[in-house]
Every structure is written in structure tokens, then in C-alpha cells.
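You will see two complexes here that share chain A, one where it goes with chain B and one where it goes with chain C.
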Partner chain A sequence: MDLCDVSALTSTYALLSKDFRSELRTRYAVNALIMFVVTAVSVIVFALRSEQPDSGVLAGMFWVVVFFTAMSGLSRAFVSEEERGTVLTLQLVATPSVVYFGKLLFNTVLTVSMVLAVTALYMVVFSGFVIRSPDIFFLTVLLGSLGLASASTIIAAIIAKANTRGTLYPVLSFPVLIVLLMTVMSATGKALDGEPFASAGADFMVLLSYIMVMTGGSYLLFDFIWKD
Partner chain B sequence: MTPFTVRGTNLGKTFNRKVIFREVSFELGRTSSLAITGRNGSGKSTLVKIIAGLLSPSAGSVAIEDGGQILDESRQREHLGLVSPYLQLYDEFTALENIEILSRIRGIKTLERDHVQSLLTTFSLWDRRNDALRVYSSGMKQRLKYVFALVHRPTVLILDEPTSNLDSEGVESVKHVVRDQKSRGIMIIATNEAQEAKWCDEALHLG
Partner chain C sequence: MAVLKVAAVVLVTIVLLGGIAIPLAASPQSFFEFPVIPGLEEKARNIFFHVPVAWTTVVAFLVSMVYGILYLRTKKIDYDIISVSSAGLGFIFCFLATITGALWAKFNWGSFWNWDPRETSIFVLLLIYGAYFALRSALDTEEKRATLSAAYSIVAGLTVPFFIFVLPRLVSGLHPGSGGDIDGSGPVVEFKMSANMLVFFFMGLAGFNLLYVWILNLRVRTMRLEYAQSHEQS
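Showing the complex of A and B:
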């Protein structure tokens, strides 16, 4: 897709809009995400009882919940099209790049919303989850969500046609996301510890590089995944 | 109207080492019509998908030319309309919403309301335009697929099992569509029915 192609941008926006309207009516992905977030955080609270973990553990647990919540819901951008038989319809009306960027934007908004929801929940249930460096934290959330969405979207497109997609999605996602997860956990720990913004500079460079490589590579490969 | 050609050259398709068909060639210009016939499993729907750009051939190529210029995939979509049993629309949206949303994704900036109304009326769906597709019968969904395929006035209309799930009134509407399409564009029909194959001037038999 030529990024200056207004028609392609309009089509991408139309596809994004379609997915949001569909999600509002079916709540296909949102219900799964909400349920998983609430359940996962509840289990952690019960497991810890009254203990309050330190910032490093909290940062790790935060992104563990985010990762598994993403695995429960982000594949639906493509799986829902496959299950409803609308893949061919989309192939007929939209170019692969329009489909890719439309789904990527949808997953990005879903991921950012999900991460912010987990943040709010963590701040309520864990007294130790205090964001002392909000600039580091919110940039980490933004870049982490973008990275998570870009990796999850392409993997969702790959597994959508598989029979065992429920198992395959997290299995394929984990090795791809491990670098991202380690980086965001490190940056989040610094945010909770109140470290200066510059201390997370290397983490942000890694995240930006990850996003560029993942999005660029996915865009180039998506044609081959999408069309038989 | 500019000259418009759909050309298939030595098309072949293989699935898991099984040859579905090979060395299929055709050339169609405006006012041409082609019936693709063959027994079950001969590859009619597969060939239709290849022509529509939904499937890559194992051999050969399909070229769509407008005014002598070969169209790339993104431009081809503007000129193709497809009706088939395996094409699904969105059950959570109404008929009108499906047409509007899919037209916007296709890149149609302004939908001609009169044209949409005319199509929905032709296929007896105007009164049900604001009903969600989940309450539609299979025949009504098939009719809506025609509206979806025709709303952007395609130069090439491809029908796979054109009268599947349709009552006699629906079949008459399809015949009207075929006549209209043959007069100004290219018509391709994939069918098992001899009556439907007769709607076209040329025939291609697979298998």
C-alpha cells in the first residue's frame, strides 16, 4: 500500500470502522479480553493473599497478564472472519495491505485499551503498583501495545486457517514476543521504581526497532499469508 | 466504452499433487459470455476463484485489460463482481449496512442511493433492507449477494451456481441481470445446470 494512496487509507479506515461496529454488536473479542483480565488478576490476588510483591515482580506479572489476555482475544480479528466465512468477501473487496493495516489498527486499539484496563485494575488491587515515572510507564504501554498488536496480528493471520488455532496461537506467539516481553518488563520495573526517563532509553530503542521490524516484515509477507 | 478483455492463458491448478485442471485458456471481450461446465469436482469453482483473483493458479495466468492496459490486482477489484455459495456477508449487519460497509471498503466514495434501492427492489429486498442478515433465509442471502456483486456496476460478472437457493421470482431476476450484463460487459457462469449454461454464448467444459 502506497501510504500516500488516499483511496487505500479510506478503505483501511472503512475496514477498521467495520470491525469496531461488528465488535460492538457481537462483543466477540471484548468479552474474552475482559473475562480473562478479571479472572487472571483475581487468581493472582488469591495466590498472593496479603503479600505485596516488589516492583520487579509486579512489572513481570503485569505483562504476563497482558500477554495471556492478548492470546485469548487478539486472534479473533482473523479467526472471526474465517469462522463466519467472510474471508473471501474481504479478499474480493480489499487489497491485502488494506486488510493488514485495518486489522492491525483494530488490534492496536484493543491492546491499548486492554493494557490500560489491566493498569487500572493493578493500581486498585496492588498497593505496591505505584507509577512513580509516568512518562516511562505510558510510553512503555504505548510501544509495548504497538509491538504486541503487530506481532499478534500477523500470527493471527497465519493460524486463522489452522484446525488447532487455540493451541497454536500462544505457541507461535511466545518465541516471537519474548524479546518484547523482556523489554517492557524491564521498562515497567523502572517506571515503578521512579527511575529517570533516560534510564529506559535503551528499552525504548529496542521497542521501536521491534515495532519497525515486525510491522515492516508483516506487511511484506501478508500477501502470501492472506491469499491462497 | 473502452475495450475490456479477460484473458486466461494455460491455466492449471493442482492441490496436494492432484491435478484439478490444466491448460485452460480463454479470451473474453465486452458482450462475451462464457459458461464453465463440468462434473462435480472438475474445478469449476476453483477456476472461478482464479479468475476473480481469490486463488493463485499453479500454472498460467489471468490478465484483465482495460483499454489495452493490464490492470493490477487493486484495480481489478473495481471491475469484478462475484456471486457464489461460498461468499458470505456479515450476519450482524443489516442488508443495507452490508452493502454500504463493503462498498466503502472497496473504495466506492459515494454510493448511488437510487442504484442501491433499484437493486434491492429488483431482488425483492427493499422492504427487508433494515433487517439483520441473521434473520434472512438462505434464498434472501443469495439475492443480497447479487446486490453486493452489482452495486459497483462491474464490467465482469461471475456467477457460480447462479440460481442456487432461489425461487422462480429470483431466477427471473437473475435472467434479467444476465441479459443486462451480456449487453454491456462480460458474463461468466459456472454451473451444473444445462439451462443456465445456455444463457452464455461460449462454453468451457472441465474434466
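Showing the complex of A and C:
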């Protein structure tokens, strides 16, 4: 796909708006994600009782909730097409790269809003969760969501064709996401400790290269996965 | 293949015997005495087993990935057979590397598992192999199985450079060759072993790799036969 190609951009936008419209009609992913976030955070609160963990533990548990929430909701992008039997139509009307980038954008928007929701919830529930370096935190959230979405979109495309989708999704995603999770956990810990922006520079470089490698690789591979 | 088979057996046997039996000496006089490496001492023997096995794991993974790419390009089922055979062998070698590494860590660092960057990366490699086979068993048709597992091994392979090059430099580790290396174990990694240790090391490297090639050949041939048989019946 030529990225400057206007028709590709408009069809990507069309696919994105189609996904949003069908999501707004059923609210399947949004409802599931919200309930999952609430459930997961309450479990953690019950487990901790009145203890106040330090910033490293909080940063880790923040991304644990984000990871499992993503694993419960992001596979919808392709599984729903497979279940509704709309895969063939999509294959007819759009090129594979348009489908990939449309789904990637949709998943990115979902992930960013989910991470922001988890952030709000954490700030209310844990008094130790204070963002002392907002610049590090929001760049981490943005890059982390992009990376999470780029890896989980291609895995979602793979598992949509398999039999045991629900259990397979986290199993396949986790090894691919470990690098990302370790980096965002360390960067979030720095944001909670109020460290200067430069201290997280290496983390951001890892995140950026991860996003580039994942998106580029997925873009090249998607043709093979998408076409039966 | 017969020559290869014999060479693999001979080399691995020599390395097994020599690596365990040759005594250490403070100032080695003959070929059959290894020098004492400070900080490693007797534990240095593990380089004859752990390093070649870990190396073979990576080779097997790369072979599996390359044949996965070849499959995606040509759609010849034979490439998928080679790819999955190599992945299976890689899993076994990865397991062996983990065991030898954990045993060594117990005596050198005090516990079997410390989440050193290298330990994290081999754990991830085990997870990738596990996920790869879980994915394969969840796909019915041969073509889908071959295509999607090849795609997954490439996606997973994309993250491997992060573990090899990026992570060990960001997180300080104890493994020889990582950021905060203790001086004693440095020489091992930079191939500054004594001449006779190097001979055994490279014999181990060649031996375990030949062993891999031999078993891979056997597996590929049996899988080809199984494939042909299952297609005759249908």
C-alpha cells in the first residue's frame, strides 16, 4: 500500500468508522473491557486489603490489568468478522493492508481508552498511585498502547482462524509482549517515582523500535494470514 | 549422512568424556590439563555443554523461521515439515540449555533461577516454542496450520533480537558477557580460553550441531513418510 495513496487512506478510514459504528451498536468490546477492568482492579484491591504497595509494585500491577484486559477484548477485531461471516466481503472490498491498518487503529483507540480508564481507577483506589512525572507517564501510555495494539492485532488475526481462540490468545501474545511489558513497567515505575524525563530515554527508544519492528513485520505478514 | 552421524557421535562422546574428566591445574603442563579460571574453577566445564546446546537452540530456531518464510513464499508443504521438525528439536535443545544453565546458576549464583536477562530470554524462547505447538494443535487443515504457525514464528522471532541485544544491556545481569560482568568470567566469552579448552569447545559446538542436523534429517524423513501415507489413504 502506498501510504500517500488517497483511496487507501479513505478506505482505512471507512473500515475504522465501520468498526466504530458496529461497536457502538452492540457495545460488546466496550462493555466487556469496562467490566473486566473493574473486576481485575477489585481483585487486586481485595488481595492487598489495606496495604499500600510501593511504586514498582503498583506500576507492575497496572500493566498486569492492562495486559489481561487487552487479552480479553482485542481479539474481537478479527474474531467478530470470522463469527459474522464477513471475512470474505472484507477480502473483496479492501486490500489486506487497509484491513490491517484499520484494525490496528481501532485496537489502538480501544487500548488507549482502556489504559486511561485503568489509570483513573488506580488513582482513585490506590493512594500510592500518584503520577509525579506526567510527561513520562503519558508518553509511556501512548507508546505502550501502540505497541500492545500492534502486537495483539497480528496475533488476533492469527488466532481468528484457530479453534480454541479464547485460551490461545494470551498464550500466543505473552511471549511477544514480554519485552514491551518489561519496558513499560520500568518506565511507569519511573513516572510514579517522579524521575526526570531523560531517565526514561532508553525505555522510550526500546518502545519506539518495538513498535516499528512489530508494525512493519505485521504489515509484511498480514497478506499471508488474511488470505486463505 | 553416515559420516555425519559417526562424526556427531564421536565428537559429542569426546567432549562429554574430556569435558568432565580432564583435571584442572593452576599452571597447565600438558594438553590434558585445563587452566583454572578465577571465579569459575570446576564450574567452567559447563561451557563445553551449555554454550553449544544454547547455540544449537538458536540455530534450530533460525532454521525453523527461515523454512517458515520459504513456506510462505512457495507454499510447498515440505518446507513446513522441515520447519516444524526443527522447532521440535529446538525445543528439546532449549530445554537442555535451560537445565544446564540452571544447574550452573545454582552453584555459581546460589539459586537455580534469578531472572537474569539471559534466563529471562531463554524462558521466553521456551514460551514461544510452547505457544507455537499450542497454535499448531489448534488448527485443523494442513495449509492453515503451516501458514499461521510460520507467521507466528516470524512474529515471535522479531522480538528475539530485543532479548539478545537490547535487554542484557539495559538490565544489569550476572551472566558472563552481560553489563556488570565480574572479571573472572569475562575471558570465557571473549574466546580467550586456553588452546586446549578452545579445541574442546569447538568440538562441542560442532558435535551438538551435527547431532541436531542428524536428528533433524531423521525427523524430516519420517514426517515425509507419514505425510505421504496419510495422503494415500484419503
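We adopt the following convention: the second predicted complex is superposed on the first by the 228 of 228 C-alpha atoms of A that agree within 3 Å, B and C clash if a C-alpha of one lies under 4 Å from a C-alpha of the other, contacts with A are read in each partner's own complex, and residues count from 1 in each chain.
Please note the rule applied: contacts are C-beta pairs under 8 Å (C-beta built on N, C-alpha and C of every residue); 3 or more make two chains touch, one makes a residue touch a chain.
From a predicted model like this one, the values you see are computed outputs, not experimental measurements.
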Fit or clash between chain C and chain B when superposed on chain A: fit
Touching partner for A:163 - first (chain B), second (chain C), both, neither: second
Which superposed partner A:26 touches (first chain B, second chain C, both, neither): first
First (chain B), second (chain C), both or neither touched by A:18: first
First (chain B), second (chain C), both or neither touched by A:178: second
Touched partner set for A:206, first chain B, second chain C, both or neither: second
Superposed arrangement, angle subtended at the Cα centre of chain A by chain B and chain C, nearest 10 degrees: 100
First, second, both or neither for A:92, with chain B first and chain C second: first
Touching partner for A:48 - first (chain B), second (chain C), both, neither: neither
Touched partner set for A:10, first chain B, second chain C, both or neither: first
Where chain B and chain C come nearest after superposition, their Cα distance in Å: 6
Residues of chain A contacting chain B in one complex and chain C in the other: 228
Partner chain C, residues of chain A touching it in the complex: 151, 154-155, 158-159, 161-164, 168, 171-172, 174-176, 178-179, 182, 202, 206, 209-210, 213-214, 217-218, 221, 224-225, 228
In the complex, chain A residues that touch chain B: 7-8, 10-11, 14-15, 17-18, 21-22, 25-26, 84-86, 88-95, 98, 227-228
Chain B residues touching chain A - in the complex, by the definition given at the top: 49, 52-56, 73-74, 77, 80, 82, 86-93, 97, 101-102, 104-107, 109
Footprint of chain A on chain C - complex, ascending: 72, 120, 124, 127-128, 130-131, 134-135, 138-140, 144, 147-148, 150-152, 154-156, 158-159, 162-163, 166-167, 170
